[in-house]
Amino acid sequence: MRNNLGPALAVGALLVLGTGLGLALFWAPEDADQGVSQRIFYVHVPIALTAYACFGWGAWKALRLLWTREARYDLESYTAIHMGTIFGVLVLVTGSIWAKVSWGIWWSWSERQLVLFLVLFLFYSAYFMLRYSTDPGPRRANMSAVYALFGVVLIPVSFLAIRLAENFIHPVVFTREGPQMAGSMFFAFCVCLAGMLLLAAALYQAELAGKRLDARVRELREALA
Amino acid sequence: MIRARGLERRFGEKRVLAGLDLDVAAGGFVAVTGPNGSGKSTLLALLAGLLAPTGGELEIEARRDEVGYLAHEPLVYRELSALENLELYGRLYRVPERRERIGMLLERYGLWPARHERVSAYSRGMAQRLALCRTLLHDPSLVLLDEPYSALDADGARLLDAELAALTGERTLVVSTHDPDRVRPLATQEVSLA
Amino acid sequence: MIRARGLERRFGEKRVLAGLDLDVAAGGFVAVTGPNGSGKSTLLALLAGLLAPTGGELEIEARRDEVGYLAHEPLVYRELSALENLELYGRLYRVPERRERIGMLLERYGLWPARHERVSAYSRGMAQRLALCRTLLHDPSLVLLDEPYSALDADGARLLDAELAALTGERTLVVSTHDPDRVRPLATQEVSLA
Amino acid sequence: MSGYLGDVAALARTSLLLELRQRDTVPAMVLFVVSALVVFRFSLPADASDLASLGLLWIAIVFTAILALTRAFVAERDQRVLDGLVLATGDRSAIWLGKVAGVLAFLVLAELVALPAFALFFAAVGWETVAAVALANVGIAAVGTLLAAMAAASRARELLLPLLFLPLVIPVVVGGVGASVEPDPGRYLAFLGLYDLIFAILAWASFDYVVAE
Amino acid sequence: MSGYLGDVAALARTSLLLELRQRDTVPAMVLFVVSALVVFRFSLPADASDLASLGLLWIAIVFTAILALTRAFVAERDQRVLDGLVLATGDRSAIWLGKVAGVLAFLVLAELVALPAFALFFAAVGWETVAAVALANVGIAAVGTLLAAMAAASRARELLLPLLFLPLVIPVVVGGVGASVEPDPGRYLAFLGLYDLIFAILAWASFDYVVAE
């Protein structure tokens, strides 16, 4: 059963994501004030939410590790956070493109979500440093798990902090009036989000399977030696 | 007291212990022998609970504060004196009659005159004696000694002989050594690693 | 080779060596014995030039780079591999045929398979073997060994016996030990500290 | 004294004893604080707002904390003392709490120098800044001590700690600067308190996993 | 390579090897710099002048230097390696020079990341700032390495010499900030160069006394 999960997810992701993008590009109405550039929305926001989902999943696996002390959760937690970080890079890239197109700048310190996301991104980059500079073993697994849990707590806390900070760092230059989202827009968005989540799940399964295969091969080679 | 089945420990790729079985009854005395790098210290750290097994089962019938563990390093603060170190450990272990017992051990291991000196000024043998004091401070029921004779002079070694003889039967002992003849008279079983 | 008159060393108030006289001819083998804390390591550090005498005279007829000194600690970087450590010392000592000699020593002391591992992952005996390699790397004419047998297994100890036997007469040796019987067959003189 | 608190007290006392004996730590700290202030004396334009200089105070505090934390577990790492403590301490979070107390004492000491020096060089320091610093210390020490224990178990210790620490401390900086410069410091102080609470509990609960396998 | 320089090269390489042992030193550095700049960003008010932010740059440099110096002799202290090196090295000032090279490499690496990032986040960085940073590095590494060795050699620990670092490094900071912000950087750069020269010679000549009895 498990062996089929990966390919099935991959196929599902492709189908749903393709549909979603098709809907977003050709079916959903064009945004009144932003024009065609607004269509990045359908990629950018689902990617951002998917990144959060990955971090959350990683923290959940971390909790399982600390709870049960089963070594396999370490790899699962790591893989989830790895995925989250990859999607995080994509958020920064798509966000910056959007910013360039609609605001004419690549980055703005006044946008709370951007800064929040940058802080989180730095936090999770340090997660990899922690892993690379520690010898593999139960201790590393524990430390990574604790750090991953700190991550999910940091998300709401920094959100709160950035919200507080807004007043004094910069005057708010760009207001972000939530555009009245048409039903069709929302539907296309949901399909895109589902597709993105499926894509993340497929990648997660693929990486996990690869890593497990590696470990297995190593064990076999050792047993033969 | 100790029950291990298929005990395994890896460091990264490297498998140090592979499938070790061990049964030690309360009051037993295990001599652990084996060449350099065979995994004696690893085994003792596993028994102490400082390392987790990466495979197999390990059961120890002793609470953590009933274990006394002597490592290669003395596990004491170098910048504190012997007295300050033992005082700290005595408090943490909640040793009854703490001060008296510390005084007794310092005297027994010949450290009384040097009790106020920083450990970093100790000679190696003195540090080993202090480590023995630390290990025995809370009168542990499971005593794990990793090469306890190392760095001790002839007097110190005789002292330790007597200490081990007194503990045998009363406490469970696991002692690693490169000189098995020294502990063989007391040992009830021997584990040879290779 | 070595000539000491009234050699004295204090640490603050504490006098560790008081008025030691010592004459060692080139090719001599001195066994240094004494209980823990008697000043053996201090004497060897003085001979190595790491400590300065606080009184008396000390003359050593060997340049600093002709001295090989084995301390209690291995004096190697824990985060580097055995090979990297020996490579560094080999360069600093300007050892001829450096790489070949490093390979030879690693093999002789059984560290060849572990040569790329970080020293912090070594067992204690492996670290001691590496320290011996480091000490002998530049083929010193004055060899100072502080408890060289410590932490070695039976094979390692035999290896060291052979090494010492080969060096005797060719090189001047000062060896501190708690097991004087082991070196007595080779020693030409014995210094007992108290 | 009851068991747990007795452990904490013994460990905290040891921490302090070590710091007092290691004589180069306090000078290093004072050095950093003072040179930071001196640099700003030289770089801030004469008409710079008090706001600007208060921000600098917070930068100095964060980086002083990093220095303090880098040294937090050096003595324990040295001779594997941490292993000894882990075996001896019933509830290991006591080790964390004891170390937090030591780090806190250290930070307070540095700030006792920094705050008057700052008031002298730059702007007056109001009660709300002092309150914010006090609250921030708690959060910094709580989170930082846990991370320092992690970094101590790694190969890259001194370099790793700031990486782990800075992203987590950004909310503290935001709260602290806000409390110092905003007309209504209450919200920010409350936020700092919340941060302290959440992360202290989290660090307290997870320390066991960090120091033992 | 001739003897002395060969020793220096071998020691410098070892220093670097210890730094770079973890392949991730460079990414770590990038992360550290970016995190630090984000903290700065949060502390500095929006209307802060370029001058103020240049001062900030200098604080970051001093801090990084202290970080580099605190770790400079950690590895040598650990297992008395310094004693081994002292025995093995013909002219001991080679140990100092090798370590200075290692510290310098670390600083330069950090600045290669920090200066462009700073230019990106805050204000443009002129040639005179770059020159000042380069000169300051030399002085900081030269003096700092000597003092770090003093702190590491247990014999010198009683002397409280690390305390000297404060008065010794403040001139560098003053000169650096001056060169960055003053209209006529030449005088400040010359001052930095002079400082480097004097203290490098002084440190080079006195290192032997610090590490050996």
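Every chain is named by a letter (A, B, C, D and E) in the order it is written, and numbering of its residues begins at 1.
Note that in this section a residue touches a chain if its C-beta (ideal position, glycine included) is under 8 Å from a C-beta of that chain, and two chains touch if they have at least 3 such contacts.
No experiment lies behind these values; they were computed from the predicted model shown.
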item	value
Relative to subunit B, chain with the most remote C-alpha centre	A
Selected pair, greater C-beta contact count between A-D and B-D	A-D
Inter-centroid spacing, subunit D versus subunit A (mean Cα positions, whole Å)	31
Inter-chain centre distance, subunit B versus subunit C - centres from mean C-alpha coordinates, in Å	28
Centroid spacing, where centroids are CA-atom means, of subunit C and subunit D in whole angstrom	44
Computed distance of Cα centres, subunit E from subunit C, in Å	36
Junction residues of subunit D - those touching two or more other chains	51, 78, 155-156, 160, 163, 166-167, 170, 174, 177, 181, 212-213
Shared-contact residues (touching 2 or more other chains) in subunit A	119, 122, 125-126, 129, 133, 135, 137-138, 165, 168
Sites on subunit B at which at least two other chains make contact	11, 51-52
Touching chain combinations (by label order)	A-B, A-D, A-E, B-C, B-D, C-E, D-E
Residue ranges of subunit C in contact with subunit B within the complex	11, 34-37, 40-41, 72, 110, 114, 121-126, 128-129, 147, 150-157, 178
Partner subunit B, residues of subunit A touching it in the complex	69, 71, 135-138, 218, 222
Interface residues, subunit A side, partner subunit E - complex	109, 115, 118-119, 122, 125-126, 128-129, 132-133, 165, 168-171
Touching residues (chain side subunit E, partner subunit C) in the complex	3, 6-7, 10-11, 14, 17-18, 21, 75-76, 78-81, 83-90, 212-213
Touching residues on subunit E, where the partner in the complex is subunit D	21-22, 24-25, 28-29, 31-32, 35-36, 38-40, 42-45, 47-49, 51-52, 54-56, 58-59, 62-63, 66-67, 70-71, 74, 78, 151, 157-158, 160, 162-163, 165-166, 169-170, 173-174, 177-178, 180-181
